[in-house]
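Each of the next two complexes has chain A plus one more chain, namely chain B in the first and chain C in the second.
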Partner chain A sequence: MSGILIIDLVLLALVLITAVATVESRNLFAAAVISSIYSLLMACFWTSMDAVDVAYTEAAVGAGISTILLIGTLVLTGTRETVRRIVHWPALLLCMAVGGVLIYGTLDMPAFGDPHAPAHEHPLYAGYTKQDIRKAPGSKGAEAYEASLTAARDGEHEAHGEDTEHSEHGEHNGNAHQDYFHGHVPNQVTSIIVAYRGFDTMFETCVIFCAGVGMIVLLRGRRGNPMKGGLL
Partner chain B sequence: MMLAQAESMLHTDIPTLVGGLALLFGIMLLLVRAIAGPTNYDRILAMNAIGTKTALFVALLGFITERPAFLDIALAYAILNFVGTIAILKFIRHRRLG
Partner chain C sequence: MKDNVLMRVAARWNMPFLIIFALYTQTHGELGPGGGFQAGVMIAAAFIVYGMVFGAADMQRIVPRWLTDILAALGVLIYAGTGIYCLTQGYAFLDYTAIIPSNPGGAEPWGMVSVEWGVGITVASVMMTIFNEITEGTLPGQEHESHDTEMVGKA
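Here is the complex of A and B:
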């Protein structure tokens, strides 16, 4: 058992305690502060999982802006929770079922940091991303790119017998000197976000759309006078 | 080969374990104060201190994995923590962020 794994486990135990404390806290100011602590601990965890960018976003959004928004809400509404605790059993069961399905889905994933994971070895992703980055306009690697493209083209016909993979990654225009996306998305960042990680980006956009719809549904027609409550 | 591997594991793992667990123990004590804390100022102080511990944790990981760029990230965390705490305190005092 490696040291970083033990640290991760302790960290996740602390995260769990924090989450339960957030839900159970009656003092809403305390709940806001503890949810901020939750974000800080998750930032630690993301950093330990080598996702530094995610960690920084988590710290800035979760511990920074969200806490301020929550406390701004508390200034308007009051800091004590109205005691009404009904457990909605169908909702709880649905949540547990979805959680179980998600955990079941992770069973098929490769181990963390596995160098032989499909994301690292799949010829379509690993090879072409490297080429796309190398063929930046004016870069020195243009000739090396041509050479590697020839090599990759030879390997490609062996690696991709089936047409199903071609169809979901844009159209193949038949030119031997171009890969699937060349000419369609000349910009490298766009190429990675839209072409290589298109499904990822699409569902991220869906999440943002759902959040927007939720906010509209929640805030529509609620323009009464807000309750004045004391804070501290 | 095995010996060298075990030795390198020892060198990277023992400082990680000791430093990380010490930091997490500190976070745990602060968490007790944040959850049980009698006044809200205890909670704000606990949150601020946990933010500092987060910056330290990032710096520790950067030190262990020999990536000095993590120190800059730790500095950014420290600034973020400071600004966040100031914003919360201002909000409580003035009821707005002005």
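Here is the complex of A and C:
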């Protein structure tokens, strides 16, 4: 049994315990704090799976701002749960059925870190790991990129003289842009999020903006003075 | 919570570290883990913790509501503006080559940094807006009006 597996099992056991504790806790303040611990444990788990960016987001959003907003909400609601809970059997069965379907779905997933997973054998993946800039063919950006590659290759030829045997395999394309992150930035996640699919991220930002506008329109000035301290 | 020494000291001493770390995350988003979203959330968390301890009125003295309103829109504008700048230069939308056409590989990080700042500004302001609006009239430092408790009960 490898060390990483032991760490993962311990973390996941703690995640399970905190999840049950969050649901079972009658004290809402304690539940908010325990759910923060849950996020922190999940962040540790993501880190052990090498998903550092996900862990970072989980720690900042799940353990950070969500807990703060939950505790801010407790000022409104009070910290004791008043409704007596009973087990709602149809809901429980539905949850277990959906959970079972999800677990059944994961059986088809490739094993963690499997080098022969379909995502790793797709032709685009080979290009992406070399961090080649993928521009729309024939666009002005693609032309500029090709021109810069040619210029860099010429420079390499002058520097190395007769050493041309690698250039046919495209290795110079990679080396030429080493000083400039091979055309992409070192953090591949950021590279994907804001360059490869920058359009998606723009609309995600718009969604967050819309959430803010919704809060302003619905809640601002609801206690009397509509202009109290606000622009809108 | 203002009278609690522990909370006061914790809020006051955590704030500079949170903000510095958030700025590090913001400016190193393209080099290491993190980016605009995480940085914005952290900056907002720093101010919101301050607001929870010292009262929302104190927090709004530092970051007034009109400022968060403007910044939320400004962030989206920076993001979309970067894309539109690329369009005006004859490139595709958000094709960062437009920033330094002679060196597309060098232009890419600059485009990402600009876009990440847009995301960070929007996220930070919207998180502070959410906090301001949810807790309006309920935290120390904000005046309670007589009909407040009724409205809270109905909501």
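Operating definition for what follows: the second predicted complex is superposed on the first by the 123 of 232 C-alpha atoms of A that agree within 3 Å, B and C clash if a C-alpha of one lies under 4 Å from a C-alpha of the other, contacts with A are read in each partner's own complex, and residues count from 1 in each chain.
Keep this in mind: contacts are C-beta pairs under 8 Å (C-beta built on N, C-alpha and C of every residue); 3 or more make two chains touch, one makes a residue touch a chain.
Just so it is clear, the model here is predicted, and its values are computed rather than measured.
J.: Give one of first, second, both or neither to describe whether A:Val75 is in contact with chain B, with chain C, with both, or with none.
T.: In the superposition, A:Val75 contacts both chain B and chain C.
J.: For A:Leu40 in the superposed arrangement: first (chain B), second (chain C), both or neither?
T.: first
J.: Is A:Ala30 contacted by the first partner chain B, the second partner chain C, both or neither?
T.: Touch partner of A:Ala30: chain B, not chain C.
J.: Let me test your reading of the model: by the given contact rule, A:Ile17 touches which partner, first (chain B), second (chain C), both or neither?
T.: It touches chain B, and chain C stays clear.
J.: Touch test for A:Ser48: chain B only (first), chain C only (second), both, or neither?
T.: After superposition on chain A, A:Ser48 lies in contact with chain B alone.
J.: Where does A:Ile4 make contact in the superposed view: on chain B (first), on chain C (second), on both, or on neither?
T.: Once the two structures are laid over each other on A, A:Ile4 reaches chain B alone.
J.: Quick one: name whichever of chain B and chain C touches more residues of chain A.
T.: C
J.: After the superposition on A, what does A:Val98 contact: first (chain B), second (chain C), both or neither?
T.: The answer is neither, since A:Val98 touches no partner chain.
J.: First (chain B), second (chain C), both or neither: which does A:Ile193 touch?
T.: Only chain C is touched by A:Ile193; chain B is not.
J.: Following superposition on chain A, which residues of chain A contact chain B and also contact chain C?
T.: Of chain A, residues 52, 55-56, 60, 64, 68, 71-72, 75, 231-232 contact chain B in one complex and chain C in the other.
J.: Can you name the residues of chain C that touch chain A in the complex?
T.: 25, 29-35, 37-38, 41-42, 44-45, 48-49, 52, 60, 64-66, 68-70, 72-73, 75-76, 79-80, 83, 90-98, 101-106, 108-109, 111-112, 115-116, 118-119, 122-123, 125-127, 129-131, 133-139, 145, 147-148, 151-152, 155
J.: Once bound in the complex, which stretches of chain A touch chain C?
T.: Going through chain A, the ones touching chain C are 52-53, 55-57, 60-61, 64-65, 68-69, 71-73, 75-76, 133, 135-136, 139-141, 144-145, 148, 177, 180-187, 189-191, 193-195, 198-199, 201-202, 205-206, 208-209, 211-213, 215-216, 218-220, 222-224, 229-232.
J.: Which bits of chain B are touching chain A when the two form their complex?
T.: The contact residues of chain B facing chain A are 9, 12-14, 16-17, 20-21, 24, 27-28, 31, 34-35, 37, 40, 43-44, 46-47, 50-51, 54, 57-58, 61, 70, 73, 76-77, 80-81, 83-84, 87-88, 91-92, 95, 97.
J.: Spell out the residues on chain A that touch chain B in their complex, using ranges where they run on.
T.: Answer in residue numbers: 2-4, 6-7, 10-11, 14, 17-18, 21, 25, 27, 29-30, 33-34, 36-37, 40-41, 43-44, 47-48, 52, 55-56, 59-60, 63-64, 67-68, 71-72, 75, 231-232.
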